[in-house]
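Two complexes follow with subunit A in common, the first pairing it with subunit B and the second with subunit C.
Presenting the complex of A and B:
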């Protein structure tokens, strides 16, 4: 399906490329906005992560899937996924070390004010990283068609 | 440290599951080692937790320090501790099998650990919505694992499992929503107190919630009319995965169903609303009979074992629904025993297929002499499943039947006894083929399909189809456990009686 038996579907368009270049930073900012607002309003890591992942999808439409795949290193995606899990776990386990229960954010109060809010936001960021990397991984897997699917190391988490 | 065991038990496999993804950037084959280390730690933690529950009773944990009815609470009593320990031990055993049998990709072991986390979470949670979250984690990881086979069949089976499983989980979630509407709480202990006082047991809202939640979970348990995903998923997944999910996924879902019956709706609900009890009993009995009948009619051994699970889980659910202390103990024993036996049986079919190429009932003819150790263990497990004393299968069934007799629910007694005969019908046929029939597959004929392995050797020559000592050892260990666990039943019964008084006294 992918380029060998027929010409690729990608058409280079200045309009799309320019638009994406302008819009992408705003979409990424909006993704962070949604992630940070998970603590006390609608939003959170899941929604924000999907929005962040959609930036890569936009880039792929503008610049071609293959060049985007080369640009976004698989190591970055894997690190983002694992890093999100590790960040979440580290924040949770940190409170146990401080003598509280798992995820008892207010124990961080001795290091930083508003610790509960910052704690929740960091956890949301971690979740956002996991979700974004899974969305990106799924997108590349689907875009690769059936033949390439075997050698991409993303797991559906 | 001891106080935090319930949450550490869930966090450890999730942490372990994140590692193979990073390690895969450096090393191709590190997944197995990471998974083994993690699960070994998991066994130690689960053992420590079980020991704590045994000595000092129910353990509860408020995640995030939020007070119980509002925050998420983890509650571990005798039954949950036993299930969590079972999950850890079976996961370790299957890893010993997977070392040689594969799949070997790092992402496989990420999913594997994620499944362990989901199953453990389902066992220790004390919150109905949290249970849904872990149910979904378990489901998603299981779909991914079933699809990890190389053949197209695995992908189709996984898709079918995904669609049906998601419908089941959604039904459960809908039921949770109804319960929340009726009582305003999600905590299991709190729900048990508020149901019946805040919302009448026979109000439409509560009944609908019961129907949706139980219906959703019976999809996951795979009781008869809702079992259609299960034979495909078990038979078409790689044999490592078959052994793992056949032993644990339905087991933990059945545990969740029991938890729902006793810790949320309580035995009073079952006596106040006889129609709910009879509906569930009827479903369980139909499942017992039809599952056995379907198992008898299969020619593929793995599919036969899959349908046998449909029937055995009917038995377990019937035991829980009868609801007398004795039947509940019996159902718990059979739940745990079935996991060990069925996991061992699936692992044995994997070994026999690799060594001889036999997958069907006719193919098994005369294999007793070709694979003596595995066939011996297979027969022990099969007879244990039928319920031949002193195996664990006998104790579980005996307690369930005795409980049903005491409760004077005669139709159930009849079905239970008939089910033992039906189980005997399909397993005895298989054992008879193994030892007393003329071989249909000969060692020289199968050279094209499998590596030729001398009949009694357990060599690992790296051909990919060979069998390692670890794989055979897992099967033998399951067979030994299936008999030896009987000795642990009195202690288990005592722990259950101490930690579940509210459900076992009527």
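Presenting the complex of A and C:
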């Protein structure tokens, strides 16, 4: 079945586009809230990351997968994923360099006050970056076969 | 054990959705039943006072998984079926039934919901009490779940984060792509 035969999945709708345009900033803010405020309320990096990733899916739902794919910079996605792992590992290994155990946050107290709280926030942020980018990545990878992309010769190899 | 009306209705709803996801012949209907099941389970997590898990279940189980399943369906051919329900084989029923019996056998040894003190070894256990007593002083975060996740069990969490990262890399490798796009 070629791309032309398929019934179009994407329907351009003013209502959906307007709604997503209004709602998306709030969803992204809520994702960051869940990520940062996870220290004091339910939530954390894993949950916030998934909500942040779902913003991209909302945009793809409203504006089409292909235009969203072009809009999202692949370097940002890759940087978020690997940067999150590196950030977490760096915070953990840094305390070993300072002469303590893995992730012994209070050793950073000599550089910054409330080091434990900030360390946990940074770790949550790193986790959020990993989860959000992997969710976005899986979405784009699975969506890649849909429509005309399936006919490109690279996909057949 | 007493159930409130909401809890009973939720359990019936979740069981119905689970059966629907397993038995419905049409894959799209099965995916929808699975999404509804996840939503029901996430509310049950909140009733069991595990809002962190409930949030994850709602976002991942009901949200992301459904979208990924639907995308996979859109990429495959869905055969038109006349039957509504899957044919059930006796062997499958016997196997699943035996598994359910084994799981149900562990239920009586779980503490009652909200039980406190000696009646609930999970809450009164030494480790739980240590976390509850010292989490704020030692980690400066109010949510004890986050304290355990990011501080006391931080090394395990690094492993989890790397597992998520590896899942993304594995998906790239399997699909022979170099970038997430």
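Rule of thumb we're sticking to: the second predicted complex is superposed on the first by the 135 of 157 C-alpha atoms of A that agree within 3 Å, B and C clash if a C-alpha of one lies under 4 Å from a C-alpha of the other, contacts with A are read in each partner's own complex, and residues count from 1 in each chain.
In the analysis below, contacts are C-beta pairs under 8 Å (C-beta built on N, C-alpha and C of every residue); 3 or more make two chains touch, one makes a residue touch a chain.
These figures come from a predicted structure and were not determined experimentally.
Shared-chain residue A:78: touches subunit B and subunit C both. Once the two complexes are overlaid on the shared chain, A:100 sits against subunit B while remaining clear of subunit C.
In the superposed model, C is the one of subunit B and subunit C that contacts more residues of subunit A. Of the two partner chains, subunit C is the only one touched by A:53; subunit B is not.
Judged by the touch definition given at the top, the superposed model places A:86 against subunit B, while subunit C stays out of reach. Shared contact residues of subunit A with subunit B and subunit C: 78, 81-82, 85, 89, 92, 102-103, 105, 157. On subunit B, the positions that touch subunit A within their shared complex are 4, 7, 11, 14-15, 17-19, 21-22, 24-25, 61-65, 105-107, 110-111, 114, 140, 144. Chain contact summary for the complex, subunit A toward subunit B: residues 75, 78-79, 81-82, 85-86, 89, 92-93, 96, 100-106, 153-157.
If you check the complex, the residues on subunit A that touch subunit C are 1, 9, 34, 38-47, 50-51, 53-54, 57, 69, 72, 74, 77-78, 81-82, 84-85, 88-89, 92, 102-103, 105, 114, 116-117, 120, 123-124, 126-127, 130-131, 133-146, 150, 157. If you check the complex, the residues on subunit C that touch subunit A are 51-52, 54-56, 59-60, 63-64, 67-68, 71-72, 74-75, 77, 138-143, 145-147, 149-151, 154-155, 157-158, 160-162, 164-165, 167-168, 171-172, 175-177, 179-181.
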